[in-house]
Amino acid sequence: MPHVQITWVAGRSAEQKRKITQRVTQALVEDGRAKLENIHVTFHDLPATDYAEAGVMVADQQRAP
Amino acid sequence: MPHVQITWVAGRSAEQKRKITQRVTQALVEDGRAKLENIHVTFHDLPATDYAEAGVMVADQQRAP
Amino acid sequence: MPHVQITWVAGRSAEQKRKITQRVTQALVEDGRAKLENIHVTFHDLPATDYAEAGVMVADQQRAP
Amino acid sequence: MPHVQITWVAGRSAEQKRKITQRVTQALVEDGRAKLENIHVTFHDLPATDYAEAGVMVADQQRAP
Amino acid sequence: MPHVQITWVAGRSAEQKRKITQRVTQALVEDGRAKLENIHVTFHDLPATDYAEAGVMVADQQRAP
Amino acid sequence: MPHVQITWVAGRSAEQKRKITQRVTQALVEDGRAKLENIHVTFHDLPATDYAEAGVMVADQQRAP
């Protein structure tokens, strides 16, 4: 443990996910006393038609997600 | 907050998801005193081979999902 | 299916959850062609110290959650 | 209830998922007193670039996942 | 991986959870080619007022959960 | 978006969670182009009897979690 699930709209590269994974994992080890080898991080990429904020799908928002 | 995750078998249209999002969001505002701008709703579409009820995959059920 | 998970800061009553459950369930039946008996709705009540928005715990926010 | 979510890297066949579903469902009925018809099992297949262990994506691991 | 989340109404003993964990873990190793040391199983116990089936809270159902 | 769920065994302080939240949020903004105000981070504290690794509950492990 711990298990970290990151749910967002698809569009980030493998390299971006790698960097985020490293920073999240490091934060959990340093500030959360988690054991490195037991930390799991998963990314759940959703289409912009499947993620809504304030009742509006990201696909339908005027601004960039 | 809140965050609402809806997991089901794929097959609903963007328009169906929009309507459901609006009704769920409205219910949380009216009956749950949630702040509109902080409500997130996400849809997790799964293949019918990845969702089982009573030990049987939806893909293998005799009736419509 | 579907399975609906609602994650938020604790503080709503059983009656509020009942009403939200009914409205969410009804929306899924009417707009999502879901079968009533297979719809599951779960509430995950978290302490205000365990839910952060924009990097700030709800417990530390100036405004009401 | 209960609802069981299994998150892993894609690559298992429909037949493997069927077998796992049956064993998990049976365990919940026999050892958890769950009612068969209310047990839901869902599989969440992720790309090997979206699942990290110990800070390293499965896609980047030397060993087989 | 994989990560298995089991969400249900509280009431099972530590011994019941131990047995279920062992059977689920074994199924994933034998039928899913998962590596034993990377399998995580988590139980999410909810009050009967926070789990609804078919629009009705388990706490309000006539039959046993 | 995104929504980040961190599931682990209870035992970390509010201050530890605050620090982790800030680092995770910052990583998502800097490396994931996420909008600060839409980032949600939630902590799901479980008893050591409800989190198993390699088929063994953390509560039953010889080493520290």
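Every chain is named by a letter (A, B, C, D, E and F) in the order it is written, and numbering of its residues begins at 1.
In this text, a contact is a pair of C-beta atoms (placed from the backbone, for glycine too) under 8 Å apart; a residue touches a chain by one contact, two chains touch by 3 or more.
Note that this is a predicted model, so its numbers are computed, not measured.
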Partner chains shared by chain C and chain E (touch criterion as defined above):
D, F
Which neighbours does chain A have in common with chain F?
B, E
Please pick, from A-F, C-D or E-F, the pair whose interface repeats that of C-E, with more than half of the contact pairs identical by residue number.
E-F
Using C-alpha centroids, which chain lies at the maximum separation from chain E?
A
Note: chain E sits from chain D at a C-alpha centroid distance in Å of 12
I'd like the Å distance between the centres of chain A and chain C, where a centre is the mean of that chain's Cα atoms.
21
Contacts with two or more other chains occur in chain D at residues 1, 3, 5, 7, 26, 38, 40, 42, 44, 51, 53
Pairwise, the chains that touch are A-B, A-D, A-E, A-F, B-C, B-D, B-F, C-D, C-E, C-F, D-E, E-F
Per the contact definition, I'd like the list of chain D residues that touch chain E in the complex.
1-9, 12, 16, 19-20, 23-24, 26-28, 31-35, 38, 51, 53, 58, 65
Given the complex, residues on chain E that touch chain A span 1, 3, 38, 40, 42
Write out the stretch or stretches of chain D touching chain A in their complex.
7, 44, 46, 49-57, 59-60
Could you please specify the touching residues of chain C with respect to chain E in the complex?
5, 14, 17-18, 21-22, 25-26, 36-45
